[in-house]
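First the structure, which I've put down as structure tokens, then a few questions once you've had a look.
Note that the chains are named A, B and C in the order they appear, and that numbering of residues resets to 1 at the start of each chain.
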Amino acid sequence: MKNKMVSFLVLAAAAGVAQAQSSVSIYGNIDLGVSKKTGGTTVVGRRDNNRLGFRGTEELGDGLKALFQLEIRYDPDVGTIEGGSRPLFQGQSRVGLQGSFGTLRFGRGLTAFQDSSAAFDPWRGVPSTAGFQTDLTVAGYTSQPLDPAGSSANRWSNAVFYNSPEVNGAQINVTVASKEALGNSALIGRGTAAAPQYPANSPLKSNPYSVSATYKTGPYAAMLAAERNAAETKIWSVAGSAMASPALKLTASYQRQDQGATLARNPVTNAWVTGANYTMGAETFLFGYGQKQPDGVVKTKQVGLGWEHSLSARTYLYADAGNRKAATSVNFYGGGIFHRF
Amino acid sequence: MKNKMVSFLVLAAAAGVAQAQSSVSIYGNIDLGVSKKTGGTTVVGRRDNNRLGFRGTEELGDGLKALFQLEIRYDPDVGTIEGGSRPLFQGQSRVGLQGSFGTLRFGRGLTAFQDSSAAFDPWRGVPSTAGFQTDLTVAGYTSQPLDPAGSSANRWSNAVFYNSPEVNGAQINVTVASKEALGNSALIGRGTAAAPQYPANSPLKSNPYSVSATYKTGPYAAMLAAERNAAETKIWSVAGSAMASPALKLTASYQRQDQGATLARNPVTNAWVTGANYTMGAETFLFGYGQKQPDGVVKTKQVGLGWEHSLSARTYLYADAGNRKAATSVNFYGGGIFHRF
Amino acid sequence: MKNKMVSFLVLAAAAGVAQAQSSVSIYGNIDLGVSKKTGGTTVVGRRDNNRLGFRGTEELGDGLKALFQLEIRYDPDVGTIEGGSRPLFQGQSRVGLQGSFGTLRFGRGLTAFQDSSAAFDPWRGVPSTAGFQTDLTVAGYTSQPLDPAGSSANRWSNAVFYNSPEVNGAQINVTVASKEALGNSALIGRGTAAAPQYPANSPLKSNPYSVSATYKTGPYAAMLAAERNAAETKIWSVAGSAMASPALKLTASYQRQDQGATLARNPVTNAWVTGANYTMGAETFLFGYGQKQPDGVVKTKQVGLGWEHSLSARTYLYADAGNRKAATSVNFYGGGIFHRF
């Protein structure tokens, strides 16, 4: 009994010291493996995104907290930052306050729609070629058409992020970006090469916004989301999930993109994705199927199969296989290791 | 009583373990808000510089210490390193020894003049548009005219930094840089476009040096400083501060830049800045007024007002307003959050 | 007695807390000094490579471990990542598993040959101008002729790394890289400017591989290694070391590079290096002599002398002097401080 009390005191004191020593937590993951596509060479590369981040929270009293997060994204196969040229803190760089009013942050991060949609994706938003997030789950939409070339497709810089508190399972998330020019290449759109609709480094005509509403009740979850980007392309999405049993999660989403602001013809793309995740002890099996139908262009049909074998709560091995058929049919095989730290 | 002793032992032991675990401290800050200038759009951006640093000291015995510091500077509104292209460790990268002789370091960091002057600036050196440090407090001087384009204006690479011990409130700081070429664009100066005074990637003609002497006694502090940069532009500055009451700090500085080495006409710029900081509980009020008079060019007059509201020792909200009048008059308004970690 | 038990418990608990708090260790070093070459200006720069790394291991049970390492390399004299343009994690970015089978990792890192050879170099692989590693110890060979311009010469991206367990002092290390194109400039080789042997951004014709075998017995160690790079240049090396007394380490290596795959004439380069390290209390003295003989080109002869004075287990001062004679003779002098953290 005495020892227990000592241990408890020790833990409390040690935790206190650790907090005093630093108010920063380092976290991240590294994921690498080997994969091959029809017609390509065997490559070493990632299945999931790779992160090295720094974050912290500070209690300010009365339930108010300050919080920040800086997240490096990198490509461990070649050692560079993600894509070789993205921002150092490509993942996010945000600071703000959290309280009974919700969470309010400034900076760069995933838009409300992109952030919420991953929970309804059969690969949990993992950008594996066998997965659906980066294309079908968002109907081919990009959140940042007026960012510099090579930027990622699902984040906003110069933005304000608001998340409401969760009330009876319901939450509202809103992201609004400023109209600042960010160094885009010219986007011709409804203009001409001589007079593009968005010249290089254009200030925006309106503030991009993104809204998602999520609702959870028992084994069910649902999302409604809408977003309008810097070039005034719009998307909306509806998605749901159900724990059919404690081991089986089913997901489905439908999304519709409207590029009418920049395309004179065939501006609409519809897409839907269904999926299942089944967990049995250390094994998880992933399945997904989806279609994307852009107006006047050949339909994309994609099927994916995945397997994850947990070595611990932080580390798993995985293998994926997939087929994607549009104008041509491409098979994909891959396997590797994921480690969280 | 027993519990107290246990706690004390625990704290001591935990501290020991923490030290053994790592000899590196992570520190930094993140500052973001919203601001607007006359004629510009509303932007999300920083008021202060943003840092993510790694530092440590090692006791070597007999009062001798080894010390190092590596400091990333970044722009959290867009997630990039500062300015998108500055060195990763733009803030500083230095290693050296500290002992009874003072502190001697090698590497990259603020020059002695730039480092000492911030204590006499009404915004504590914070580069807010409402503040004075980056222009008036240094009379428009740049420490690095032969660094690559896009470099910051107040640091030296390839330098040796010496700080004397503080003796009866007096301290001497000296920085000397090597003559290494650093990849500058051509600087025409007193030459011609065909034969610039400093061609691209020039080795320097002399070693840049910077010296500051500071003195503190009771509520008073003073600084004398002089610097000569890579293109042999010279500046000297005299500054003082007084705690008029425990809550009220008054500051004043005068500086004179001489660009005679590269400008054939009107080489001199004079500037002066006065300021006041008043703290009342969680609130701090900042005020500054200054002028810059370059030979033969219109005078700049600037006034700034600031407010900081502490949420904790590490976090505050702020708002700034300012007006800067030279050929045209520009107003500035901004507000946001600063969080130290 | 009671206090001791408390202390022990405290230490155990504190260690537990520390582990729970973070599974990442930060480590690195910073090395800077002043040096001068015949005909050059005095420069501030490094003697050793500079690292800031993040690493961790996770026990998975049954002797199995997951491990990762991400290592930034940087130039502290100017604050940039190494060379200004290398990958952020130039040092290495690897993840893998370790067990009774050895260690298997994916990612970017030193090749087996480059990694093993440093132990037989008189400067321990330190790339000081007075040292031998980056030229003579590898006979002028580069591991990455088809990497982007400005890459380092001794690492592979997109590779699989295997290290066997050490059995009776013997160990085998194997690195194999994928055939992925990495963005090289054109390499003319046996082709012509119009039709280079390796056009820009070429996929490789074969998988680069590197193998080293090391053996230790009592005071003796030996290495045999062979490697073939992306442009099918080959190198092999044999090296040995002996602790002639507990204070005196002697080293020798011989290596032969064959560039026959890309050079029509004089493809072979032979080199050898001998060295001695003598430690006396806090002082270590380094000596090296070597020659490199490329076919049909003037021989390089190099001699180096070094001194290291330990201030602690983590910090030392150093001075080097060297002469390198090929077509011309160049002297080198340098000194500085090394600090590990």
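Convention: a contact is a pair of C-beta atoms (placed from the backbone, for glycine too) under 8 Å apart; a residue touches a chain by one contact, two chains touch by 3 or more.
Treat the numbers as computed from the prediction; the structure is a model and nothing was measured.
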| item | value |
| --- | --- |
| Shortest chain-hopping distance from chain A out to chain C | 1 |
| Cα-superposition angle relating the copies chain C and chain B, to nearest 5° | 120 |
| Approximate Å spacing (C-alpha centroids) for the pair chain A, chain B | 37 |
| Interface hub residues of chain A, defined as touching at least two other chains | 6, 10, 13-14, 17-18, 26, 88 |
| Interfacial residue positions of chain C with respect to chain A in the complex | 6, 9-10, 13-14, 16-18, 21-24, 26, 54, 56, 58, 60, 64, 66, 68, 70, 87-97, 106-108, 157-160, 177-180, 182, 203 |
| Partner chain C, residues of chain A touching it in the complex | 3, 6-7, 10-11, 13-15, 17-18, 25-28, 30-34, 41-45, 52, 72, 74, 76-81, 88, 311-312, 314-315, 336-337, 339, 341 |
